[in-house]
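In what comes next, chain A is part of two complexes: it sits with chain B in the first one and with chain C in the second one.
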Partner chain A sequence: MQTVAFHSYRGGVGKTLLSVNTAVQLAKFGKKVCLVDFDLRAPSLQSYITSESVFSLDQNDFVSFTEFLIGKGSPEEVINPTKLENFYVVVSDIEILQNKSQTRSKLTQHGEGRILAKLFEFIRYCNSQEFEFLIIDCMPGVTYRSLDALVVSDKIMIITRPVKSEITGLGLVISECYSKLDDTKFYAIMNQIETIQDLKNQPNQMDLKIAQDNLKGIASTLKNNNLEIDILHSFRRVPFVTERIYVLLEDPHPFTKEIQEFCQKLISL
Partner chain B sequence: MSKRKGQEIFEIPSEEDLAEYIHKGKKVIQHIEEGKTPIYFKPKRQHPKITFTIIFILVLSSSVIIMVPAMISIFSSINPSTNQTTTQTTYTTQTTIPSGEDPVTLSQSVNQLETFLYQFIPENYSNFAPFMENNSINTSKRITFQEILDFIWLLSQDRDSEWRDLGRNLLYTEYRIWENTSIETESLDLKAHSLRALLSYPQKEVPLIGTEKSSYENRCSLLWNSIKEAVDITSNTISFQENVSIRIADEQIIFLDILCAGTTHGELFNYNELQGYAKNILETLDEIITNINGIPEDFFSNLTEFNPIYSFKDQGHLFLALHALDHSFDLGSLAQSLIQRLDSFIWNYLTRVDWSCNSYYNNTSHKGSNVLASYDQGLMIRNHILMDRLSSANYTANTLRQKLSMSNGGYIISNIKNSSAYLIDQVQILVAFKELIELKNAHESTTGPSMASFWGLQPILIMIIGLSIKRLRERKRKR
Partner chain C sequence: MTDQTDQPSNKLLQDILLELKKINTQLETIQLELQHETDRIEEQFPKLDIHSTPPSSLNILNIQEQRPGIFKTYKTIQKKDNWISATDVSQETGRSRGLESRYLNYLAENGFITKKRVRLSDEEKATAVVYKYIEVNE
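After this line comes the complex of A and B, so read on.
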């Protein structure tokens, strides 16, 4: 089994959109996949899943992953099979964080490695159930909980957008955090790349130059460390993408093709 | 309102705590793996002296534990079959791409291919068969001059002596291309192919002396002078057809090949001149292929309008050329950034679900062809190898071996002329397979456990112990 975490320094870069679509597509390619919402701060997988009728899952069907993490549930209880063959989901609930202060402090503090141990126990369980991919949607930035996900993963997908503020953040998170995870493989994923085609109607040379400089900035930030992080895939900025699972659509959406290509690479790693 | 609760309360470690958390987190994992109950920890050191002493004792005892069996194994090393135990623990099993249930190994395929290829090669090298139809060579078909030139260029890329020697032999002994004065009257395109073949072996491998050598050098210079005339200095592109504003991808790529090959002939070429051309052309390509990042078959008059057809052959050739350029010249990040973009183009548009590649892609209809050309698959494998993607290279090689029909050990282009096998295709696949075997061996030799790992561990252990003592002393001094 491969445990693949989607992480970023900043929030809102597309971790959830990419990890959900990737997980579903891998399942459609016949891989047994478990997708885990480990963004305990702002869990959003549940809304993706319940709004797609194909899964036929209801808001009330889920036991939150946080229950398991604090020692109250078993792995079987939190893993939800779906109508889509090979696709299983684990969702987290934000309510718990907001209403129960005891649970909250258990989950938010470093937990002396307890949450990490639970997460790892969960991964071992998935491994025993012959999952081929465990996809983890992480909390952004460097918190103890994102570290947990990073420590237990085999491969980490670092999502970045080509904007200046993220280049600095990327450099920071590489030197402070990733560089200390010595036996993990890192891959960079660019998201929301503008293509010239998309810019055709606004041939603004200044913007074009900034965009190109940012791409170069990311490439050199990825290069200037001893981790050897390659850019695994670049996703275009697709107009009118919202929080949906595009790979489920009958009509091929431009985003679907991109995800399919990315999945092929993931399988081949 | 209550949103804040969930948003801000997750603890962020300091840089020091972070390193420690990761370190201890891995220990927890290891304990679980080994079936022990995990020892939970406090990231912030409250009793530095105690924890430190414990770590120190742990290091000492673990080094003793590691050293004792190692010593035993050294003393018993008279017996070469001593078991090696590795202390490495992995906590998850990795799935790999299915390697295909092909009972024929890659080196067996290479053998079959070589046997197949010999059928094309006549005893006196005089009349190569360009292709085979329905399993038999049609001797009335003659190989063209350009095919011979490309054949030599391809053979020179094989690192193995036999095929590499064949190319050299054809160039310098059998065909003696530089003596062929009629090249001067040929098209620029053929001149470029000729020069590329003439330069395909580096200067130190040119087996010519005296007047032969000077006549060879003279031919190269003449060809170079007429080819570089075709560089358009305003657009920084090359065009082999006069007064035609369309730029062909293939021509740019051959020119780049020549520039690279030129660097291995220091007596004939001025390195700076070559580098200047390389830089200019790459910069132009960098600018004009930003559209979808691959190279279209041709660019129309103003160089910003493209033919919508992108052939894999061009992408694959450009990929090889870019790697060679990156190797031969100091181009900053130019070649690398183009390589990255081209690579992502290939993945995005030309790689199919079955791990083979489309022979072309039409940007207007967003359709790839369903033709599997063996030459293209060979190129694709070589592209993967250049990016050190062993598993992808393997997979494409397996797809190739399974999908393309094999007759007499040769790989035939499927879908189009189902019954023909072309010489150049077979050689491209041969080169690719041999490179793949080399890459596999390289990967294997870096992962095999050996006694070296123990000797490699020694200095690290000594260093850890040394550092521990040093830190202990420092702590005492501070007190």
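After this line comes the complex of A and C, so read on.
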């Protein structure tokens, strides 16, 4: 089984959109996939899957991953089968964000090491169930929880947009975090890239120059460190892409096509 | 004359040696029984006390800084359900058994994994060292 984490320095770069669509597409390619929402601070997978009737999942009928992490649920209880063959989902609880959350309080009491131990327990269970891919939608930045997800993963997809703050952040997470993770493969995914054609349509020459400089900035940040980080895929900025599972509902669609190409690359790694 | 006096001494020494060998065999048997009993108890109560804390991600990264390459060994153990030997780990990682053995013992000494000695079979006296991840109490 391949454990693949989708991580980024900042939030809002498209991690969940990419990880959900990738997981569903892998399942459509016949791979047995489990998708885990491990963004415990801002879980959003539930809204994707419960709005899609094809999965036939009841919004009130989940045992959340946070329950498992605090020892109140077993791995089999948190892995939800869906109507889509080979596709399984694990959701996290919104309750953790609410005022006086009991789950959050227990999660804190459980200590940092216990969450990591539970994550490994979950991976051992998924291995025993012969999953081929475990896709983890991580918390952004460098927190205990994002580190946990990175430590247990075999491959890390680093999502970056061509924005200066994200390029600086990318350099930081490489030097302070990724470089310490021996035996883990890293791949860069550039998201929301404007094509040359798109850039030519920009009337403002300053914006054009910044956009081009930022692309070069990502490439040089990836190059100027001790790690081998190849750019696995560059997702073109597709206007009006919203929080939906395009690979399930929109084919043909430019984003669906890109996800399909990306999944082929992921399978062949 | 010397030969005659040496004969009883030699006999006595041989008897002592024989007795010592018997004692040694008995001690080995006791040691194995003790080890067996210790393993049985550890297997019965392998989990950590509720107040103890398993290593966190930062602990793992720190140990990797002290022993570059040890992270791979740690991850291999964490992903296996059963007790495994240094040979099993080396087959997974593609590195030498000696290196894995050193890493495994270091991880065990520092509380990252558990270690025990097991008898290879009921009949044989030969034993092997095996390792496993640390379970966490709910």
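Everything that follows uses one rule, which is that the second predicted complex is superposed on the first by the 251 of 269 C-alpha atoms of A that agree within 3 Å, B and C clash if a C-alpha of one lies under 4 Å from a C-alpha of the other, contacts with A are read in each partner's own complex, and residues count from 1 in each chain.
The definition used in the following text is that a contact is a pair of C-beta atoms (placed from the backbone, for glycine too) under 8 Å apart; a residue touches a chain by one contact, two chains touch by 3 or more.
Predicted model, so just to flag it, every value in this text is computed and none were measured.
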Here chain A is shared; do chain B and chain C fit on it together or clash?
clash
Touched partner set for A:219, first chain B, second chain C, both or neither
first
Any idea whether chain B or chain C touches more of chain A?
B
Identify the partner contact of A:47: answer first if only chain B is touched, second if only chain C is, both if each is, neither if none is.
neither
For A:71, select first, second, both or neither according to whether it touches chain B, chain C, the two together, or no partner.
second
First (chain B), second (chain C), both or neither: which does A:181 touch?
both
Who does A:128 touch here: chain B (first), chain C (second), both, or neither?
second
Would you check which partner chain A:168 touches, where first means chain B only, second means chain C only, and both and neither mean what they say?
neither
Touch test for A:204: chain B only (first), chain C only (second), both, or neither?
neither
Do any residues of chain A touch both chain B and chain C, and if so, which are they?
112-114, 116-117, 120-121, 123-124, 127, 144, 147-148, 150-152, 180-181
Which residues of chain A touch chain B in the complex?
1-3, 29, 40-42, 94, 97-98, 104, 108-110, 112-114, 116-117, 120-121, 123-124, 127, 132, 139, 141-145, 147-148, 150-152, 154, 176-177, 180-181, 195-197, 216, 219-220, 231, 233-234, 257-258, 260-261, 264-265, 267-269
Give the list of chain C residues in touch with chain A in this complex.
53-61, 64-65, 68-72, 75, 78-81, 133-136, 138
Going by the contact rule at the top, pick out the chain A residues touching chain C in the complex.
71, 111-114, 116-118, 120-121, 123-124, 127-128, 144, 147-148, 150-152, 180-183
Considering only the defined contacts, which chain B positions touch chain A in the complex?
2-3, 5-7, 9-13, 15, 18-19, 21-26, 28-29, 32, 38, 40-43, 91-95, 97, 290-292, 333, 336-337, 340, 344, 347-348, 351, 353, 355, 389, 391-392, 395
